[in-house]
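Note that the chains are named A, B, C, D, E and F in the order they appear, and that numbering of residues resets to 1 at the start of each chain.
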Amino acid sequence: MRILLFNPNTTASMTETGLKAALGVAAPDTEVVARTAAMGPVSIEGYYDEAFAVPAVIEAAAAAEAEGFEAFIVACFDDTGVEAARCRVGIPVLGICEAALLMTSPLAKRIAVVTTMARAIVPLTELVHRYGLSGRVTVYAADIPVLALEDPASDASARIEAEIAKALAAGAEAIVLGCAGMADLADRLQQTFGVPVVDGVTAAVTVAEGLGRLRRRTSKRGTYAPAVPKPYIGLLASFAPPG
Amino acid sequence: MRILLFNPNTTASMTETGLKAALGVAAPDTEVVARTAAMGPVSIEGYYDEAFAVPAVIEAAAAAEAEGFEAFIVACFDDTGVEAARCRVGIPVLGICEAALLMTSPLAKRIAVVTTMARAIVPLTELVHRYGLSGRVTVYAADIPVLALEDPASDASARIEAEIAKALAAGAEAIVLGCAGMADLADRLQQTFGVPVVDGVTAAVTVAEGLGRLRRRTSKRGTYAPAVPKPYIGLLASFAPPG
Amino acid sequence: MRILLFNPNTTASMTETGLKAALGVAAPDTEVVARTAAMGPVSIEGYYDEAFAVPAVIEAAAAAEAEGFEAFIVACFDDTGVEAARCRVGIPVLGICEAALLMTSPLAKRIAVVTTMARAIVPLTELVHRYGLSGRVTVYAADIPVLALEDPASDASARIEAEIAKALAAGAEAIVLGCAGMADLADRLQQTFGVPVVDGVTAAVTVAEGLGRLRRRTSKRGTYAPAVPKPYIGLLASFAPPG
Amino acid sequence: MRILLFNPNTTASMTETGLKAALGVAAPDTEVVARTAAMGPVSIEGYYDEAFAVPAVIEAAAAAEAEGFEAFIVACFDDTGVEAARCRVGIPVLGICEAALLMTSPLAKRIAVVTTMARAIVPLTELVHRYGLSGRVTVYAADIPVLALEDPASDASARIEAEIAKALAAGAEAIVLGCAGMADLADRLQQTFGVPVVDGVTAAVTVAEGLGRLRRRTSKRGTYAPAVPKPYIGLLASFAPPG
Amino acid sequence: MRILLFNPNTTASMTETGLKAALGVAAPDTEVVARTAAMGPVSIEGYYDEAFAVPAVIEAAAAAEAEGFEAFIVACFDDTGVEAARCRVGIPVLGICEAALLMTSPLAKRIAVVTTMARAIVPLTELVHRYGLSGRVTVYAADIPVLALEDPASDASARIEAEIAKALAAGAEAIVLGCAGMADLADRLQQTFGVPVVDGVTAAVTVAEGLGRLRRRTSKRGTYAPAVPKPYIGLLASFAPPG
Amino acid sequence: MRILLFNPNTTASMTETGLKAALGVAAPDTEVVARTAAMGPVSIEGYYDEAFAVPAVIEAAAAAEAEGFEAFIVACFDDTGVEAARCRVGIPVLGICEAALLMTSPLAKRIAVVTTMARAIVPLTELVHRYGLSGRVTVYAADIPVLALEDPASDASARIEAEIAKALAAGAEAIVLGCAGMADLADRLQQTFGVPVVDGVTAAVTVAEGLGRLRRRTSKRGTYAPAVPKPYIGLLASFAPPG
């Protein structure tokens, strides 16, 4: 099976972190290819950046399907552009927030998402709500910029551990790491804290593999039906839905 | 007060419809200027088109604030890009779905939204849920393309009336028109059916005026804080949040 | 446009506070007339007082409509008698809790209502729930009697500020003042705290103006249909619904 | 144990119906006294009538407590004035909608409330929601005036049976009769339809008896704390909360 | 009326505690018989023990009905096996969590359940949610094993009081005791704390008496229809539903 | 990876159906072993049968862990005993309802579960609610006994197809088959109806494989902590939690 892991921000080192984690869990017969957005923000921190990351996501999803990939993963915990991409392609499109919640939910009742910036708490809480887990999930923020995760000199790791400790004291039974840039931390944190610590990139790889083995793809009836062919103009003309 | 009414699709006739309706309700001391997106889809029909309408929305919101407009209205019933735009500017940003629901909710308990395409039912139902009115609002679709509203030869009007009749029979007490292109129909339909029929464009003008008189603007604390300055690259580089 | 601002308690100084605030935001072509209840409690603090404030509300609403007013505002944050009044008249009837939430919701995601007495927390939380904003609004109480707001020697103002500070620390992005008697505080508190601070009386004036310009009135189909004509007896006989 | 069964409308024949049903279920050591409102509407049909029934409810509750009654039942399915009365007295105050739902919920998962007028569907649905049973209860209306129940020549009974049949076909497993005036129909309808048919008046008698045996009364901490002593003026001056 | 009070764990002293409390509230014409499970766990602490307590519950319910008892109470706050038992018998089956919530809900808006072990917080919170009271109930745990309640030398009582104090400080208006073994504490704690303190065993006796007087039994339509006759094999063969 | 697929009813032919489906999707390096309950009901149809299927589930889960299996699947759409089993073992325990919903949710917004007996609609609707998907999932029943699925002469298949057609007409975008005995139908039905048709047995195999590759197991903190060691007596003594 061939999976495209797409980093919707333009920071290649974060793509590398994700790919390395993905390869650590992929099945022997799975090929994971990682790509970095060639346009858009260097990091996605809130609704604004997210809006400008979507065109690259769509473009990459369409290309992935055309090249024969069988699943497409958006490696940003905001699940940026996932619903739009599902209208564009038939192969499964997975967000890493969704995948992390799916794979954690059979393991624990009360789950803490630990993310980076405080301003993401509301959008991620809305995302959790969309996935139906409001009653079981609380979102915590370590109050660090996303790119601090790429900087070994930052105190990002210590701050994340402090939030996990706080969440466990408040009753959390498992941890979900709320940023693609944390993919390399999951195993160590699980060892430190003794509860399941789930990263979305690796979770998404396994969900993609599962859908591949089940031979199930995106429904083309209703919400995710192909966009109606029509002209787009100006800067974004090339994104017009194909006829 | 100066309000910018922005049509996020590229169909100028729809902008005209909206502007005419807006001028019909604006206060004597309000100036409404309407603009049409210069890039993106000719009509917005579902998650896919929506994604490509957002950049034009942000650009227009930033320009409006820079030019001294005091409120910005996104004239598409998907409330396309509204949350992202709120992170970009301090002037109030209003979606027409949100505004229509706000102004209808004191008038009736059970509200029917009547929109165009069936595939919009799920996204609009999610939008209604986000605005907290799930228990009171049902979404109906007339099953017509958005641009049929611009075509006098289509049976759009008859189909919309049929859906309204169905909604009233099921207990609806007021109607919200679920597409900017229906702005000119509200008065006639209200007369025909004898219940409040609310259009979002005109509703948004009055909410904008209200916020102007109250001198209240978007909170810059938390979710709608300004996007963190950072580089964007490629096609969308010019949208990078200002420092 | 002519709006009747009705204070459902019998304390005239509170009516004055509300009227002054209302006039500060009303459009040039709006006339606001304020009236004080001639029967009922001097202040409304909980379910009990509320029950005895309703007859005056209905009487005033009916009179307002008969005199040609085009909107009716109930200036008590419990939205006392609002639903009953909507069954009595066709002009829009607005509660100030509802109006404040409507006008604040486009400005911020997480909202704190700061009210007076602790015992109002449950009724106001239920009211917020009725308006669909449970997930976004938290109610705080300054633990002061309503009439302390009319007493310059009280520490009401300091206690309100303390609650606002607490709410902001807990993540609130905007403040709604939860008592008609606070209408004069909004501008100063907004300046102090740097977030939108919304008062319900002024918010209701702008919603009333908006509905006036939209020419939309209460639906008379279903829930708010006119009360069925029938005899009332005893003390309240004069309130029988007209035939 | 002594229970006061209060009919908040002024129609004495309905009081008689309720009392007869109450006596049919009361324990041997229970005394049930029934009283009819001496002021207010002849029947309660929607928010408007309800507002004017509340003062009589409060007056009767206070008198009941003063006379040594140990529980107070409001025999109207809108649970008119129940929350305000709880702020006035310490003895348990029961609404018949609440009591019927409480006693039916252990007997069946899906419950249909069958009421009189269509306009009551929204208020009763809100009441069901307040009691936490939204997911399990659907409200049906036989579309008859309340007083038709008192008129043997009306087709009220046939219409109620038709609604019950419709509810059962849609999956209801038990029926709650949604009007005090239906108290005498429960046994017969239960026999006819072979599912539990619960009337609120009799249900409330048993809940009152239960609270009596448990020696549990209304909490005076928080929401139902006694109303703060203060002057009331005008027509309603005599209702001012005692000091 | 004859009620069977069944303790689904095998600790007879806990049965005695429950029976004594039950007799303290039962009507003069009620006979309460208590039985202890003859198979299964000595105490029920979480999902695991609960699973093995169910067969004894069903067996006891079937026997109770065969012997002419008119109601069956499961005296464990997890409401162990209550839904399965309802499919087996026609007499009312009551859980003590459900009964306690039913009888407390008319007395107070905000309710605290105080239970024993911390691991029960999630299952009891789910149970509260099933009964529709999520918005009004918070679950606290004294962090003691169930059987500590039977040991006079333990500090169970002090820990329970500490949790009640914490709950009241957080706004609780009434207390529900979250374990059958606490049935003897309710009166004393009510006296100490001055708010309603409700025990489920006694609450269930009064609900059972109420349903008896109402002559209402479990609905046999839909969810609680008798189990379809079929063979069971092995250890549990004798539990096969009768034909 | 070694997975134990456990059929909690005693009908071996249903185990065979499940195993065959499971092997059709398992990865090359996965070993699936299927076992049939040696005690309990021949089919699980509602709360009653479910209760008596749980002991066999727990026994099988404990044995599976002891024998080195790395995941345990309960192949009944009621997710019988899944939560209790999670308290007994550390390896992941998956219900097929949960797994089917997890794997379908990224593929479609509106999902229909099509099950066998009408009486299962309420329990399955509660299960869907527990998994957070109430707003997106509707449960349909073909009104056939479970074992009709094993009988080629029955009209089970035609009835299931009729329910699917009804669900699609009502807006469903994907189908989940609501019984382990339908595992062999999924591929054919997907072909017939052109939307994703997901079976829980195969879905659970892929979720188990995913958790295996992620090396994530059940949290032992909080709700799923090991049952406290204690004696069990009588018929079920051997199930006492180990010390």
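Following the convention adopted for this analysis, a contact is a pair of C-beta atoms (placed from the backbone, for glycine too) under 8 Å apart; a residue touches a chain by one contact, two chains touch by 3 or more.
Given the structure is predicted, the values throughout are model-derived calculations rather than measurements.
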* Among the remaining chains, which ones contact both chain C and chain E? -> A, D
* Asked: D-F versus C-D: which has more C-beta pairs touching?
  -> C-D
* Asked: Which chain's mean C-alpha position is the greatest distance from chain C's?
  -> F
* Asked: Copy of A-F's interface among B-C, B-D or C-E, judged by over half the contact pairs being the same?
  -> B-C
* Centre-of-Cα separation between chain F and chain E, whole angstrom -> 29
* Asked: What whole-number Å value describes the gap between the mean CA coordinates of chain A and chain D?
  -> 52
* On chain F, where are the residues touching two or more other chains? -> 109-110, 122, 134-135, 171, 222-224
* Go ahead and list every pair of chains that touch. => A-B, A-C, A-E, A-F, B-C, B-D, B-F, C-D, C-E, D-E, D-F, E-F
* To do: Please name which positions on chain D make contact with chain B in the complex.
  => 121-122, 129, 134
* Structure fact -> Contacts from chain C onto chain B in the complex sit at residues 25-29, 92-95, 98-99, 102-110, 131-136, 168, 171, 173-174, 187, 190, 194-196, 198, 202-203, 205-207, 209-211, 213-224
* Structure fact -> Seen from chain F, its contact residues with chain B in the complex are 109-110, 135, 171
* **Parts of chain D lying in touch with chain C, wherever the complex brings them together** => 10, 37-43, 45-52, 54-56, 58, 81, 83-84, 86-88, 118-119, 122-123, 126, 130, 145, 222-225, 227-228, 230-237, 239-241
